[in-house]
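Here chain A shows up in two complexes: once beside chain B, once beside chain C.
Take a look at the complex of A and B:
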């Protein structure tokens, strides 16, 4: 089981590298969709069916949006010239990764190995009392819709604000009046 | 080392996204690497909640379930995925407006802020 999970994450890494390095933008978006769909499979394997369903729907939606945005624009090919600036970018990327890696090593020392139980009082409470408190069978649904309902309300607010921002950025009426 | 393999691979995926954000010049490639980082982060939370030979956090009829996966990270990630979608939509909208104005996705060409 752990081996299968590791192999799937490895395929995800390869797909992500392909989607970053390929020249055609449409192929890169499709490769990104491969990353997201393998992620869905991983959520199913990691015993998280609710998250897998949501990830599947969100992945399809974002794929539609990204393809709609890229399909009519074809200035995807740039000259690959390795000038001094791009060299500096690569060095700074390496520097960021090294700093991050140091923190990762420090924090991995404090984590238990993969698959063992991490002590979590809250999770124990939820598992023990969900049916008595809420009457729901699905613990995740009980958490997001009952125990943490205000959190979900805030999420809906964030979603609404972001969609409002996107509509305001893309609208046509204000721009036409300015051009006249 | 082998016990932490899944965590390390997940963080490698995060590093791939970080590399893309810093190095790539195409605006769309930057959005794509942002999405990759987001996926890696969500996966890391779910990996933290996983327990060996445990069942999903849904109670079934007539079956005694004692070993259940941690439900708290799953609930948090569910929120995070939807917020990630809305952030992606906003970024794509801004990128399309930039394309309308400058006729390119190359961030080195986008220089004059005025007008």
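Take a look at the complex of A and C:
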């Protein structure tokens, strides 16, 4: 299991690098889709079907929108220019990655080994008492809509604001007024 | 491709006619069984919207825009959000915010688990029609741009 997950993560990193570096925009979108679909597989292997369903469905929706957007636009091939500043950018990026890796190593040392049960009072409470408290069989649904419904309300507000912004930017009337 | 807005070929249209209701039904299933298995309002809403997008891509945008435009989608999205807030405030009358006022019911049946089922339905309406209004705006704006180019 651990080896399979490692292989999948390795493929995911390669697909992400391809989608960053390739020049054709449509190929970039397709390899980005590969990243998302492998992430769905990883969620399934780690026994989180709720998250896997949401990840899969959102991935398909964003893929449809992105492919439609790249097909409509004509300039699918763009040239990336390397000037002198890019050297400084690369050095600073390398520096940031090294700092990030140091903190990752420190935090990964404190994690328990893969597959062992983490003794958490809250998780034990949810597993034992969810059916008695809420009557729901799916613990995840009980947490996001009953125990932690405030979080879901905030999430709905965030989504509402995001779509409001998108509609305001894309609406027709403002564009027409600008053209006049 | 003769006209971009008239949709795809006859084969795609026929397959769409057969499958689109099944996709929508699966979205409703995911929503209504959110408290009995994996799934919920978020995933169910997006699956319902994917069936709408399926129609838009196969039949062209004119077929859908006649029946549902971005104003109706926006109104439905707001309705879903307000429905979720109403469920929260109804709990306030019986005690505290988001209190479970419907009772637990029989475990493993559809009408159980109190406010989880109505909250799932509200989130399905909200997320689904929100995404649909964003998608409709993208399509309508791009077609508007093409028309302006033709006029010039």
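FYI, the second predicted complex is superposed on the first by the 169 of 180 C-alpha atoms of A that agree within 3 Å, B and C clash if a C-alpha of one lies under 4 Å from a C-alpha of the other, contacts with A are read in each partner's own complex, and residues count from 1 in each chain.
Quick note on the criterion: contacts are C-beta pairs under 8 Å (C-beta built on N, C-alpha and C of every residue); 3 or more make two chains touch, one makes a residue touch a chain.
Quantities reported herein were computed from a predicted structural model and do not represent experimental measurements.
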Which partner, chain B or chain C, is in contact with more residues of chain A? B
Touched partner set for A:135, first chain B, second chain C, both or neither: second
Look at A:29 in the shared chain and tell me whether it touches chain B only, chain C only, both, or neither; answer first, second, both or neither. first
Check the residue A:64 against both partner chains and state whether it touches chain B (first), chain C (second), both, or neither. second
Which partner does A:87 contact after superposing on A: first (chain B), second (chain C), both, neither? neither
Return first, second, both or neither, reflecting whether A:149 touches chain B, chain C, both chains, or no partner chain. second
Looking at the overlay, does A:159 come into contact with chain B only (first), chain C only (second), both, or neither? both
After superposition on chain A, the chain A residues reached by both chain B and chain C are 49-50, 54, 58, 61, 65, 69, 131, 137-138, 140, 144, 152, 159, 163, 166, 170
Please output the residues of chain B touching chain A within their complex, sorted ascending. 3-13, 15-20, 22-26, 28-29, 31-33, 35-36, 39, 42-43, 46-52, 54-59, 68-72, 74-75, 77-79, 81-90, 92-97, 99, 103-106, 108
In the complex, chain A residues that touch chain C: 49-50, 52-54, 57-58, 60-61, 64-65, 68-69, 72, 131, 134-138, 140-142, 144-146, 149-150, 152-153, 156-157, 159-160, 163, 166-167, 170-172, 175-176, 179
Per the contact definition, I'd like the list of chain C residues that touch chain A in the complex. 30, 34-40, 42-43, 46-47, 49-50, 53, 57, 70, 74, 77, 81, 84-85, 88, 97-98, 100, 103-105, 107-108, 112-116, 119-120, 123, 126-127, 130-131, 133-135, 137-138, 140-142, 144, 148
Residue positions on chain A within touch of chain B in the complex are 1-2, 5-6, 9-10, 12-13, 16-17, 19-20, 25, 28-29, 32, 35-36, 39, 42-43, 46-51, 54-55, 58, 61-62, 65-66, 69-70, 73, 75-76, 78, 85-86, 89-90, 92-93, 96-97, 100-101, 104, 108, 111, 113-118, 120, 122-123, 126-127, 130-131, 137-140, 143-144, 148, 151-152, 155, 158-159, 162-163, 165-166, 169-170
